[in-house]
Amino acid sequence: MWAYEKRLQYPINIRKKNLKMAKLLVTQYGGSNGELAAALRYLNQRYTMPDDKGRALLTDIGTEELAHVEMIGTMISQLMAGATIEEIKEAGLDSHYAEHKNALYPTDANGVPFTAAYFATTGDAIADLTEDIAAEQKARAVYENLINLTDDPDLLGPLLWLRQREIIHFNRFSELLDEYKRKGY
Amino acid sequence: MWAYEKRLQYPINIRKKNLKMAKLLVTQYGGSNGELAAALRYLNQRYTMPDDKGRALLTDIGTEELAHVEMIGTMISQLMAGATIEEIKEAGLDSHYAEHKNALYPTDANGVPFTAAYFATTGDAIADLTEDIAAEQKARAVYENLINLTDDPDLLGPLLWLRQREIIHFNRFSELLDEYKRKGY
Amino acid sequence: MWAYEKRLQYPINIRKKNLKMAKLLVTQYGGSNGELAAALRYLNQRYTMPDDKGRALLTDIGTEELAHVEMIGTMISQLMAGATIEEIKEAGLDSHYAEHKNALYPTDANGVPFTAAYFATTGDAIADLTEDIAAEQKARAVYENLINLTDDPDLLGPLLWLRQREIIHFNRFSELLDEYKRKGY
Amino acid sequence: MWAYEKRLQYPINIRKKNLKMAKLLVTQYGGSNGELAAALRYLNQRYTMPDDKGRALLTDIGTEELAHVEMIGTMISQLMAGATIEEIKEAGLDSHYAEHKNALYPTDANGVPFTAAYFATTGDAIADLTEDIAAEQKARAVYENLINLTDDPDLLGPLLWLRQREIIHFNRFSELLDEYKRKGY
Amino acid sequence: MWAYEKRLQYPINIRKKNLKMAKLLVTQYGGSNGELAAALRYLNQRYTMPDDKGRALLTDIGTEELAHVEMIGTMISQLMAGATIEEIKEAGLDSHYAEHKNALYPTDANGVPFTAAYFATTGDAIADLTEDIAAEQKARAVYENLINLTDDPDLLGPLLWLRQREIIHFNRFSELLDEYKRKGY
Amino acid sequence: MWAYEKRLQYPINIRKKNLKMAKLLVTQYGGSNGELAAALRYLNQRYTMPDDKGRALLTDIGTEELAHVEMIGTMISQLMAGATIEEIKEAGLDSHYAEHKNALYPTDANGVPFTAAYFATTGDAIADLTEDIAAEQKARAVYENLINLTDDPDLLGPLLWLRQREIIHFNRFSELLDEYKRKGY
């Protein structure tokens, strides 16, 4: 089970409203390569890892990804804070507003609702860890795209940090995969 | 953010393999009225609750629902533990096995992958809390169906406990809804 | 069965083309909290209501929601009438045009096709009626968002009237729910 | 708008419980070639038919398809009436029961929720009517499959009648298509 | 099996960047009436055609549709070539960029991922061929919409050619349907 | 473009009807880790590979995966050939029969229609190739599950061969990934 700690894993403090970036950032919230997909991928796969080390690593990173979901959610919330109807219309966020007003909802950047079809669990530790490594690479690529789309330092800070975390996860999954291959799983 | 505690919210200790119940129980894992839908519903809606009390309640119950996801996952895992290929075939779990072996994957009882279309966020606290009350009622109804489908006491214990938790959540959401209506939100 | 009466439940007479509002209004046509979801929700649930009164109420309101689907469709049609290609492009309706020209198609405001995953039927009258109450609240919230997005009186008239109907349905479902709770269903 | 008449278009009176057929029949309720898809297809396309005759025909047949949805729903209801938990398990309807108890819900025969992706509207009368002709042929083929799957005369009666209706609709759409082609639409 | 020939079925040589058209053209790539849906429809249906002629025709046209998928993909690629971030933002392609950078991905024009729900296979040659005829009509209508949306001759050339191919396929399917009806399939 | 060669990449000659295996095998036809997903993944990603070698490899393997789709389709066809209605019912293939008779249709083993959400394209060669490596590992794992589910040598032959091809593809993608990393893409 989880205990909630009332703080973000990394501080978010966005001072400049930016509805267009809010619309794009949501891909890391509920999109195919986003943090929710990552969290659920690992928290599902952990049940069939072959040893405690694997189960612990997947639980650990899966739990961290939940914190990333929360960070992205906070970023989107702050980017939308205080927007007027006119600003919402201009930014093309009116279709979101019509349905969700200023609420969060896990979709990709086109508004397609999150689906578990974005990730796989195979019960095969080698296949699952390779999928995890790919997931971290894809998330890194998406963070790089988002970084290219903004020059707001308040946004760049957490995006760069999150991108870095994906690389660290990539490395940890790679190490475990190597170990499991050596062990013949 | 969340800290993982290596224990279940309520102990799960299923001694009797039961693949057919594993196949059905998954509806509370990744189905339309299941625990994952509940967790994501509340953890998304909390951002637009109008006061700290509301945000705290939704964070609190959302976090507990994550623990319920874990409990259901553990139950499914234990129900499938040690199954032979023949048993898997007989129970009609072979379509799951072909794709996921013995791994968990969030679907409904027919194998349809989880989708965020199962829940709504409106940015309107009254509408959201009414949706939450409905969600708890629907989850209660599904737990009652599952309870009707088994007589294994190891399974009935946690199912009855989870059903009870839904009623408690229903009451807490109802109280907050009444308060918000009085306050004119 | 149903007999078609060649008139709308409430008159629609929109004189000003407005492609952007057409794009948004479609959420009440085929979106998660829209009229089609409402109609199908009630017309499905009625089969398991415990008495004639419940079956009649759900049939009655379900049938009215079909008329609301028709009203929304007519509004969208009139908002798009006579649009030129240039206007369609400017309003961002070109993706709709590419696929559907000026035809209607039930999606949400982002163009995601309608899915039955938006509503639930549980066979439990208390859970179903609570879901219905939530549906009416969510539809009310969406109508309020749409009302905020326009100042065209030709549009505001029917939107305000439809919003009012949702409140009336909310009250009728609430009364039946109270009665059913008293009766111990 | 529509007025509900409290009678079925064709009498349904199924005396023999048959859960397996209930599970299959649902494809004509919420499946890709089913009656709901047909009703929504025509009721959406009618807005862009080029003349009153076309609009009237699509409204007329769309309205009749709603009555067919109701007939199929009634058939499924009667086929499931009075089933015990044991019978539900044996028939493989337990995954439906877990989620919906004995309620109706529009899916295909595998339990996949209805989606509007099953039908198209193009705003081109020739293309739409050709799609409608195809829809009627596909529905006919599905009715023939269902007829092959049962020998219960209470079921065969309405299935044969519904199949016949699809042929009549096919003919009416074909005639209109010929007329529209002659007229150069 | 298939052998790849390193040439397009019809030459594509688009000299003018046009991100908005790229966004729209994708409907013929992964949308409901698009070339991928067509290819998969025919390549699936061919297995149940009643004679060699039918199997050959469906294989033949299905294979050609794969070449059309490739043509459309090439067109989209060329339309996006060399786009700057600013141009991508202005054209509303930023949501695509965030997730896919400049890569291709089969969706409709709103970004909804391709689904097999767009096409049907019934195992009934008459129904399948009627569906195929409808598919060709719908694809023709979509090509006409796209042609209306551009005046770039580099784009109009292949679009007109592709539209023409759909008409030829329509005729070939119509002839086979007539033959099969005569033969009483 | 592609030229069709009227032969399978590997001979399929299944002499024993086996409807249950047909139902499971379909996961490699239209399931999340199946051959269609693989083919479309590579044929989409090739457009953004950084050099001719990469484009050629992805075209090459993507084309081979189309041949694997055809092999799997042929296997399913042969496994279902000559089945009676009674056999179809017993094998639980009646829900397929109701909708598709004996036709092929790309779904997973639970009947969920194929969706492009199963694969990703990122426009980042390193991320894409890592995704491809994961895809091959997952397909290998699924083939192993299928191999565990049968002892028919006519089926085991092609399944073992296909599994072997996935390993070869895994190796080729790994080599290219190493090269691209060295080159600093």
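Order of writing sets the labels: A, B, C, D, E and F. Residues in every chain begin at 1.
The criterion applied here is as follows: a contact is a pair of C-beta atoms (placed from the backbone, for glycine too) under 8 Å apart; a residue touches a chain by one contact, two chains touch by 3 or more.
Because the structure is predicted, anything quoted here is derived from the model rather than measured.
> Which neighbours does subunit A have in common with subunit B?
Output, common partners of subunit A and subunit B: C, F.
> Can you name the chains that touch subunit A as well as subunit E?
The shared contacts of subunit A and subunit E, listed by label, come to C, F.
> Report which of A-C and A-F is connected by more C-beta pairs in contact.
Answer by contact count: A-F.
> Could you grab the centroid distance between subunit B and subunit C? Build each centroid from C-alpha atoms only and quote it in angstrom.
29
> Could you tell me the distance, in whole angstrom, between the mean C-alpha positions of subunit C and subunit D?
That pair's centroid distance is 22 Å.
> Indicate the whole-number Å distance between the mean C-alpha point of subunit B and the mean C-alpha point of subunit F.
33
> Which subunit F residues sit where two or more other chains touch them?
32-33, 92, 99, 101, 107, 110-113, 115, 117, 120, 122-124, 141-142
> Which chain pairs here would you call touching?
A-B, A-C, A-E, A-F, B-C, B-D, B-F, C-D, C-E, D-E, D-F, E-F
> State the interface residues of subunit F toward subunit E in the complex, per the touch definition above.
1-5, 7-9, 30, 36, 40, 43-45, 47-48, 59-60, 63, 66-67, 69-70, 73-74, 77, 99-107, 113-117, 120-124, 128
> What does subunit F use to touch subunit B in their complex?
It comes out as residues 20, 23-24, 27, 31-33, 92, 108-112, 141-142, 145-146, 148-149.
> Where on subunit E is subunit A touching in the complex?
Subunit E residues touching subunit A: 85, 89, 92, 94-99, 101, 107, 110-113.
> Could you pull out which subunit E residues touch subunit D in their complex?
32-33, 115, 117-118, 120, 122-124, 126-127, 130-131, 133-134, 137-138, 140-142, 144
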